[in-house]
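Shown below is the structure under consideration.
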Amino acid sequence: MIEMVKIAGVREENPTVKTFTLDKQIDARPGQFCMLWIPGLDEKPFGFAKLNGNIEIMVRSVGSYTREMMSLDEGDLIGFRGPYGDGQFKLKGKHICVVSGGVGIAPLLPLVDEALADGRGVSVIHGAKTKQELIPLEKRLGDDVSLTLTTDDGSCGMEGTACDALRELLDGGVDQICACGPEPMMKSVLDVALDAKIYCQLTLERYLKCGIGVCGHCSIDESALMVCRDGPVFEAKQLVKSEFGRYKRDKSGAIIDL
Amino acid sequence: MIEMVKIAGVREENPTVKTFTLDKQIDARPGQFCMLWIPGLDEKPFGFAKLNGNIEIMVRSVGSYTREMMSLDEGDLIGFRGPYGDGQFKLKGKHICVVSGGVGIAPLLPLVDEALADGRGVSVIHGAKTKQELIPLEKRLGDDVSLTLTTDDGSCGMEGTACDALRELLDGGVDQICACGPEPMMKSVLDVALDAKIYCQLTLERYLKCGIGVCGHCSIDESALMVCRDGPVFEAKQLVKSEFGRYKRDKSGAIIDL
Amino acid sequence: MKLTTKLAKIKLDNPTILASGVLGVTAAALNRASKSGAGAVTTKSIGPQRREGHDNPVVVELDCGLLNAVGLSCPGPEESLRELTKAVKSIDKPVIASFYGKSILEFGHMAEFISKAKPDFIEANISCPNVGEFGLPFGCSAKTAGKITKAVKNSTDIPLIVKLTPNVVDIRAIAIEVEKNGADVICAINTVGPGMKIDVTSGYPILSNKTGGLSGECIKPIAVRCVYEISESVDIPVIGVGGVSSGIDAVEMLMAGAAAVGVGTAVWHHGVDVFQKITGELMDFMSENNYSSLDEIIGRSHG
Amino acid sequence: MKLTTKLAKIKLDNPTILASGVLGVTAAALNRASKSGAGAVTTKSIGPQRREGHDNPVVVELDCGLLNAVGLSCPGPEESLRELTKAVKSIDKPVIASFYGKSILEFGHMAEFISKAKPDFIEANISCPNVGEFGLPFGCSAKTAGKITKAVKNSTDIPLIVKLTPNVVDIRAIAIEVEKNGADVICAINTVGPGMKIDVTSGYPILSNKTGGLSGECIKPIAVRCVYEISESVDIPVIGVGGVSSGIDAVEMLMAGAAAVGVGTAVWHHGVDVFQKITGELMDFMSENNYSSLDEIIGRSHG
């Protein structure tokens, strides 16, 4: 059931990304998501960028809804329902490598918090097209995390993709990979993980309508796993031989190539 | 919600009264009641004649429904909903006097059980028009209870009414009266109790429809206490200056004098 | 903070109204509801003949509401009039006299008859779905609903509430017709369905009438939609009834456009104290959200 | 113990059917429901044009059900036909192709069109209440319902299910007309209401479409009554849909007269495993109560 929640704070991460602190605490697992409703406009899915204490939502402006979000301020209200998603990140390995593209870092942050609290090793790879699109992570992650930045144009950190960085890190004892970002990037991560036989979890974005596993709109071929219900986090083996990396469906349900 | 319950046993008490053991255990207070449904026929209210272990219902044949009940056998099913009634017998005194007319003894039996288990003194007065209409109580009550039988025609026990017997018992340390029986008999008990300033609880029978305090059919004047919801057990002070002992309402809601 | 509201010039201390058919069989019961905090009280629908109503079971308890088929039991018009007169005399809040007839003509006669008791409102129940012999509810046809309204208006000067059934294809059309023919207030909704509950062990439908009207929590979304549509279509005030059991439920009804809210089935779980509960929660909501009067809430969801 | 049932000569392994609009957007999803134990599966209603459907929110979670206004989203007839063909080829249980049109004529065209995929049944959805532009549902008038049935029957040889809306005054009259015009099976019911849920903090109706159809537990009594009334009025088999989430619910529907039961909203709480859950509980009930086949249960509440 939707509940209106107060925005307790807004932080600008970079020119197109803001983090919203909501006046709400929930019991959820890293990787789960919520539906945020702007009355009169629309309702869209977002992961949790922080789960202990007031929850945080990190949003990238990409279209009409997220643009409207950028204009929201402390004290404003937004509709919240969730948390949703049975597919959640789980800590399996001793040394977790987190691979993120842009705002894809968001749902991975609570996982990093959890891994650190549990005394596990954490490497974070954070990539973007260019320096401006990176999220400032140094302070948020702290000293216990080894952070690798990558940009396609080399404007900051390593030149290349997050997946390039992952390949280089693999020898360092990584025994679990968790990834979130653009689907082509994640497809590469999946291939690398399969190759290296490392346990790997990935998040999937599909057009969500109901968000609760009823309307079937977010079903993926051929398993018919529902992103909103069975995901949004999946294990690598659930995604091999699937539509993942190849196509998705638009708002009408029509197939569009990635 | 109605549930079909198996009749686990039938005991004949006298020519017009049978006790049915139901294959059901419930958590209820003495004085509460249930609605028993014979599919295709009707549904009527009955008190509990036993509450520890399988519940018992003691029924007097007075009309078409109760006549049909008399033909039910071990193994037959009957619809059950309940327990209902916020007005319940409570143990207040050290020596409780239970005053019953005929099948009115039924809801008082669990109270006797409770009083005995709690080490209180119990006197039971049990009256009827004639010997045949008495319920055999000796074995059921055991030796710790002082039992006084009365019949209007003197065919068994003391000649007179249960209320006559009550008057005689009052000096013996009785500090609580609980009564159930025909309304004129209870009216006399109420007057005696008020006179003697003894805490007194009485049960009321009114035509019940919903049984759950919604339809208003069992409302009593002028307090508008609902027999099914606020009763069926009331304290004496709730009934003074009421319709009690004077009139009731029939199935249509029309007033009929008692 | 002001909880008062108005229905056709008559002021209510607070917007909660005891719905028809719940508790209100006797004057004493109406009085109790009034003393327990209802802003107004409605009698059980009074009919032209003595009726015992249906045999038991007349209700089925569901997880999210009730099914009922009481069957319009009625002690007869004379005795009902006596109780009504007693209620009007003894209750210091508005008393609404609900009634029904078996024909358009009879609606007129009944209106005239119960007006003798001088209730604050009369409420024409054109929507009871439970009584087979009366055929489909009159409230299912806009034309018939309009004719009944006119017949009743011609028979009395007492302000008229017309109570509508939601079990129609287009409740707006009916509301418009009822307003056009002179209704002063619309009450929506009566029970939904009807519904049926079968006991799977015996195979019998539980209600002796087999089917009964659905009420309570589970019908609230339907009631809110009906109130929203009606208040969009007519100018007369609407009493919103259906599943209201909390202050927030009341706010939802008011925002949908109701000027007052009826409360029926909620008496089941909360007892007659439900009126105080609702007004208390309503006040809490108003102070938390800086509302000072119901006028600021009523109809807020529109446009 | 036999769980098989028959709908117009076509045998189902068990009486549970995935209801239209739930999960069944893709062939893969229909396949998953089938593998999870559904006796048959129904596609989301296929329409004559590509439609995005309504903006979010398209559902509201209630304590006793859902409100939904997905708005008949559809990737367009060609793409739907591809998915349907894939479903028919890959699924070894009966596949029901649900569809709708915006006119009587279009219902005929759509029936002809989707018949190309050779589904086991086509299901004419004449009852969707959510799409304003289409006006009042066709299923609200017996005459129109009959005409649509005839137009569809003239366009295809595939057995026809007609799905009815409960939001009418007399569903029996509609069922009779639909049977008279050649329907092979009736499916009842589509969602109830519609309903509306208002967020009292913002004052907005939550659904972007403002109103949506009510489904789930809270509509079961209405669905059972409709199935009871319909199966009393016609001879063709009835699929009972509405609030079924357990074996006992299924028994209730069957006793009311359904030959099979549709399952929609229950997928929300129980996931797609709900079909296995229901058939398991159904078998438990049958063995406890000494039933050996569904025939002994179907229609038991009548007479």
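A, B, C and D label the chains in the order they appear, each numbered from 1.
As a convention for this text, a contact is a pair of C-beta atoms (placed from the backbone, for glycine too) under 8 Å apart; a residue touches a chain by one contact, two chains touch by 3 or more.
As the structure is a computational prediction, the values presented were derived from the model and not from experiment.
*Asks:* Which neighbours does chain B have in common with chain C?
*Replies:* none
*Asks:* On a CA-centroid basis, which chain has its centre farthest from chain A's?
*Replies:* B
*Asks:* Please report how many Å separate the Cα centroid of chain A from that of chain C, as a whole number.
*Replies:* Distance between chain centres, rounded to whole Å: 51 Å.
*Asks:* Averaging only over C-alpha atoms, locate the centres of chain A and chain D and give their separation in whole Å.
*Replies:* Their C-alpha centroids are separated by 36 Å.
*Asks:* How many angstrom lie between the centres of chain A and chain B, each centre taken as the mean Cα position?
*Replies:* Taking the mean C-alpha position of each chain, the two centres sit 67 Å apart.
*Asks:* Check each residue of chain A and list the ones that touch at least two other chains.
*Replies:* Within chain A, no residue contacts more than one other chain.
*Asks:* Please output the residue numbers of chain C that touch at least 2 other chains, ranges allowed.
*Replies:* Each of 60, 62, 201, 203-204 in chain C touches at least two other chains.
*Asks:* Considering only which chains touch which, how would you classify the arrangement: line, ring, star, complete or other?
*Replies:* Graph shape here is a line: each chain touches the next, no loop.
*Asks:* Name the touching chain pairs, would you?
*Replies:* Applying the touch criterion to every chain pair yields A-D, B-C, C-D.
*Asks:* Across the complex, what residues on chain B touch chain C?
*Replies:* 1-2, 4, 35, 37, 39-44, 77, 79, 81, 208-217, 219-224, 226, 229, 249-255
*Asks:* Could you list, by residue number, the parts of chain D that touch chain C in their complex?
*Replies:* 60, 62-65, 67, 136, 140, 167-170, 192-198, 200-201, 203-205, 210-211, 214, 217-222, 224-225, 228, 248, 251-252, 255-256, 285, 289, 300-301
*Asks:* What residues on chain D touch chain A, complex-wise?
*Replies:* Residues 21-26, 28-29, 31-32, 44, 50-53, 55-62, 66, 68, 70, 73-76, 79, 199, 201-204, 206, 208, 264-265, 267-268, 271.
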